[in-house]
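Okay, handing you the structure first.
Note that the chains take the letters A, B and C in the order they are written out, and that residue 1 is the start of every chain.
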Amino acid sequence: MSILESKIPEGPLAEKWNKHKASIKVVSPANKRKLEVIVIGTGLGGASAAASLAELGYKVKSFCYQDSPRRAHSIAAQGGINAAKNYQNDNDSVFRLFHDTIKGGDYRSREANVYRLAEVSPNIIDQCVAQGVPFGREYGGLLANRSFGGVLVSRTFYARGQTGQQLLIGAYQALNRQISKGNVEMYNRHEMLDVVKIDGKARGIVARDLITGEIKRFGAHAVVVASGGYGNVFFLSTMAMGSNGSAAWQCYKKGAFMANPSFVQIHPTCIPVHGDQQSKLTLMSESLRNDGRVWVPKKSEDAKKLQSGEIGANDISEEDRDYYLERRYPSYGNLVPRDVASRAAKERCDEGYGVNSEGKAVFLDFRDAIERLGKNVIEARYGNLFQMYEKITDVDPYKQPMMIYPAIHYSMGGTWVDYNLMSTIPGLYSIGEANFSDHGGNRLGASALMQGLADGYFILPYTIGDYLADEIMTPKTDVSAPEFEEVEKEVIGRLEKLYNIKGTKTVDYFHKKLGQVMWDHAGMSRNAEGLTKAISMIQEIRKDFWKDVKVTGEMDNLNPELEKASRLADFLDIGELMVRDALNRNESCGGHFREESVTEDGEAKRDDKNFANASCWEFKGETEEPVLHIEDLVFENVKLTQRSYK
Amino acid sequence: MSNFLLASIGRKFLMSITGLFLLMFIGVHLAINLLLIFDDSGELFNVGAHFMASNPAIKIMEPLLGLGFLIHILWSFVLEYQNWKARPVKYNKKDRGGSSTWASRNMLILGALILVFLVIHIINFFWVIKFNPHSMQTVTIGGTVMEDAYTLVADLFKASIVYDIFYVFGGVLLGIHLTHGFWSAFQTLGLNNKNWMKRLQFLAMVYAVIVAVGFSVIPLYFLIKF
Amino acid sequence: MADKILKKLNIKVWRQNRASEKGKFETYKIENVSTGSSFLEMMDILNNDLIEKGIDPIAYDHDCREGICGICSLYINGRPHGPDTEVTTCQLHMRKFKEGETIVIEPWRAAAFPVIKDLVVDRIAFEKILQAGGFVSVNTGGVPEANSIPVAYDDAEESMDAASCIGCGACVAACKNSSAMLFVSAKISHLAKLPQGKIEAKQRARNMVAKMDELGFGGCTNTGACEVECPKSISITNIARLNREYLVARISE
């Protein structure tokens, strides 16, 4: 497929990035001052990119929909960040981190990208320490590490249970420094609504000032999308309420391919849904599975009594408990990867063994750990998580087991990018969770933070120069150009259309409906019949939405309903593409589980012959079906094996 | 340095320094006053009072003390006004009882009440001793002629239960003011950390109780004994 | 443990269409709220009711809904983030309220935090304070190896305690003087406790305090309300450290 040029450098894996850096173009300091870059989003990827580009001398315009860059949802990441520092002398290495990530991703990511990620990971830690990120330390003053699921070494750096927060604050500080120097123009409470192409290249955006409602044009020489994932398609997820896929989706509609959109991660340890008033799901760190044991009752009558509230967890005797992860996966037990743990929980609940009133929860029990280690140790390890759990559920997890259930968490899929992180639109880059490149079918714990910062600090600042070096003669983008005029008109038209429907149902009504369809048919377990049905169901909801949604408030004022409606309009489209992609990928891999593709004992079965690739979708028009392009993944340094955690 | 005192922390610095200065003064004042109840002849107190009035060091301190009072009082009004301006629209419903002490929120009110007390107190004693010595009786102790301050105090407290209550009230108000003011002064100067926080707050309480009880005991002593 | 249903609640809430317009309180009734719902889920239900009635829903800031982004900012029944400790508004749950209760919701009130709409306030002042010096001046790349600068365990912990600040502004909202000292001191402490941050400590203290003063926050009178209402329990001993850092910075000027 010549249309998808991944631009992976030739040569041995370990030398690709260095060789590539040596061969790409560099922009002179004098010219950097003349070049403008727009960065959408201020999470780990966006903030680190904006700050680093500004430090280099580029003029940066940075956008976030929140009131401050610090609110970006990277802040909610709890556990940690991986880096191949080998501080623990446990034989960790760049290659081992690379290998774990590729394998954890079920062999659906690019070798070269993942290797580069592992290669720059140690620099990230150096950078963050220099910025003043208060990582956990040993008494000798050196950095501490913890272990994370799915790997055999201890390479995760952490700042208590708030690693994402601290890393983001580090990047935010760097960003603030550049704002104060005038190198970054910060646009808070601005939402990008479309990208503008001039002569086929990304040259600006159209954004809405969320306070005044004003539609504004911003020009640049390149646009970087760091807008995160689209998990909110499911309505209920661990994403922030405002997290959305609109920036990426508008890029898609302008010609940037979406790759593997069906790959979303379902995190096994979230606080279960409490009823129909639920608005979002809260994650409990994966690290809890180090000491907690997952179980449901053996007898279905016990489960029924639990569901009706007649008995509590502690009323069930030891021999009547089914530690199903330990039973099914004796070698990994409670520490199986996220996708496996999630599916196993769903399987038990579907069989009627769920333990809360909805029948959709399993226990995560610390009783044995508390007996073995003492309450103090457990408190020191997980105190803040236990406290959070108690605040939300009013249950003391020191006395009663936690209830958990899987929830949508992370989008591995996203905008297709080449080795330079550039999409199929020249000058349009996508970094962090917004792109598709590094995690394949399943992301390992503590790797999202690593990718966001790797892209923003150490990869994009190099690779964007290769493109911008050819743009030094391009004058400042004229935002009065007809291309801007046209996109602005489109954007205003779209918003006005939504606003003027004046239907009868709220945005949330449609969002919940979409979420239900996605969860039921494109969630933890998928099959052709359900997926096919889902497409028409989503189309139905979309039709209804555009006829009957009710958006109140004013166009020229802060209007959260209008924002939500505009995002949902895109989610409806994204959802359909996800379903199409899931339908197309007739194999089980990572978070994508097709019931048609299982081993004899019901485990996920990959089909490397037909699907060792990235499926990349091209937009062809509102009424046309998208066109699929395939990027074959070449594995020269790892051997593809079926994952087994038995 | 001048604009240092205009910065928010500088302004507080001034309150804190003057506050600590006044705290020391109050300690000395109380120590001398307590002589009132340990010698009913009044000799001890008169000697103490005379020493304070004639000591050159104290003479130098006297205007400084006046200045300290003045700054502490005037500045408190300025600061309170500035702080009040920082919230032009007030809350409709407030529930602050659980998050801070009443004293800490009402230092100005306490201070203003203490000011009222102070004015009357000065008229009662300081003014008489200092500027109206002709109305004062004198005594001769150890060959030195000095004002009979003891009689002045004792007469007032013996004569009027209203004054007794007023002075008890003043002592208690001052004590409450100091429960917050004492440790707050150290905090503002940066002389606090997580270990010292509890200690300072404990010391503040001890000092406040000593001041409140100490000053209250004197009028009560005269009231009950005579 | 089991969730109950609050059959009826009255919500008395500040409505203000724009910064430039006058606002007033409105009281709405809401029915059948589960005690297991979060406060913001209650707000969602109320808003959906309002939309169905054709009333503009109440604007309020919210995003992560797990107590870490710091955007939610409601002053509920006289307290920032409402009647619970160590929580943000999004972590507050309806089990803290009683059947039939009238819940009063106001925006953060401070001259430095003007209302944008309803319960949404503008906290750009916090951004400006941090931009004035809340960083370590290092560029990407060219930094020393991470373990070449050891940091004592206790210092790292204390730094982390201060760095937990989520920038929500509850300290300003709680303070009777609308002082931002806890917020500023958290950043000062976070960086002052680390060798990386010490190098520009003086300049940082001077610049951040100057910016804070310029933006119309009140002064600190050590009432300690900020610490109690802080969702992350940031200690006011950080304010003592800020005072110390600032005094030293000014004296050595």
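We adopt the following convention: contacts are C-beta pairs under 8 Å (C-beta built on N, C-alpha and C of every residue); 3 or more make two chains touch, one makes a residue touch a chain.
No experiment lies behind these values; they were computed from the predicted model shown.
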{"item": "Chain-level touch network, classified as line, ring, star, complete or other", "value": "line"}
{"item": "Reference chain C; chain at largest CA-centroid distance", "value": "B"}
{"item": "Distance-to-centre winner among chains (Cα means, whole assembly as reference)", "value": "C"}
{"item": "Centre-of-Cα separation between chain B and chain A, whole angstrom", "value": "63"}
{"item": "Separation of mean Cα positions, chain C and chain A [Å, integer]", "value": "26"}
{"item": "Computed distance of Cα centres, chain C from chain B, in Å", "value": "37"}
{"item": "Where chain C touches two or more other chains, by residue", "value": "none"}
{"item": "Touching residues on chain C, where the partner in the complex is chain A", "value": "1-3, 17-18, 33-34, 36-38, 40-42, 44-45, 48, 50-52, 54-57, 59, 61-71, 84, 86-87, 91, 93, 95, 116-117, 120, 122-124, 126-127, 130-132, 134-141, 143-147, 149-153, 156-157, 159-160, 163-164, 166-167, 190-191, 193-194, 196-197"}
{"item": "Chain A residues touching chain C - in the complex, by the definition given at the top", "value": "48, 51-52, 55, 66-68, 70-73, 75-76, 85, 87, 122-123, 125-132, 134-143, 159-160, 162, 165-166, 169, 172-174, 176-177, 179-180, 186, 188, 211, 238, 240-242, 274-275, 277-280, 282-283, 309, 357, 387-388, 391-395, 457-458, 461, 504, 506, 508-509, 550, 552-554, 557-561"}
{"item": "Chain C residues within the chain B interface of the complex", "value": "12, 14, 25, 75, 77-79, 83, 104, 106, 109-112, 174, 176-179, 181, 209-210, 212-213, 216-225, 228-229, 235-237, 239-247, 250"}
{"item": "List of chain B residues in touch with chain C within their complex", "value": "1, 4, 7-13, 79, 82-96, 98-101, 104-105, 107, 180, 183-184, 186-194, 197"}
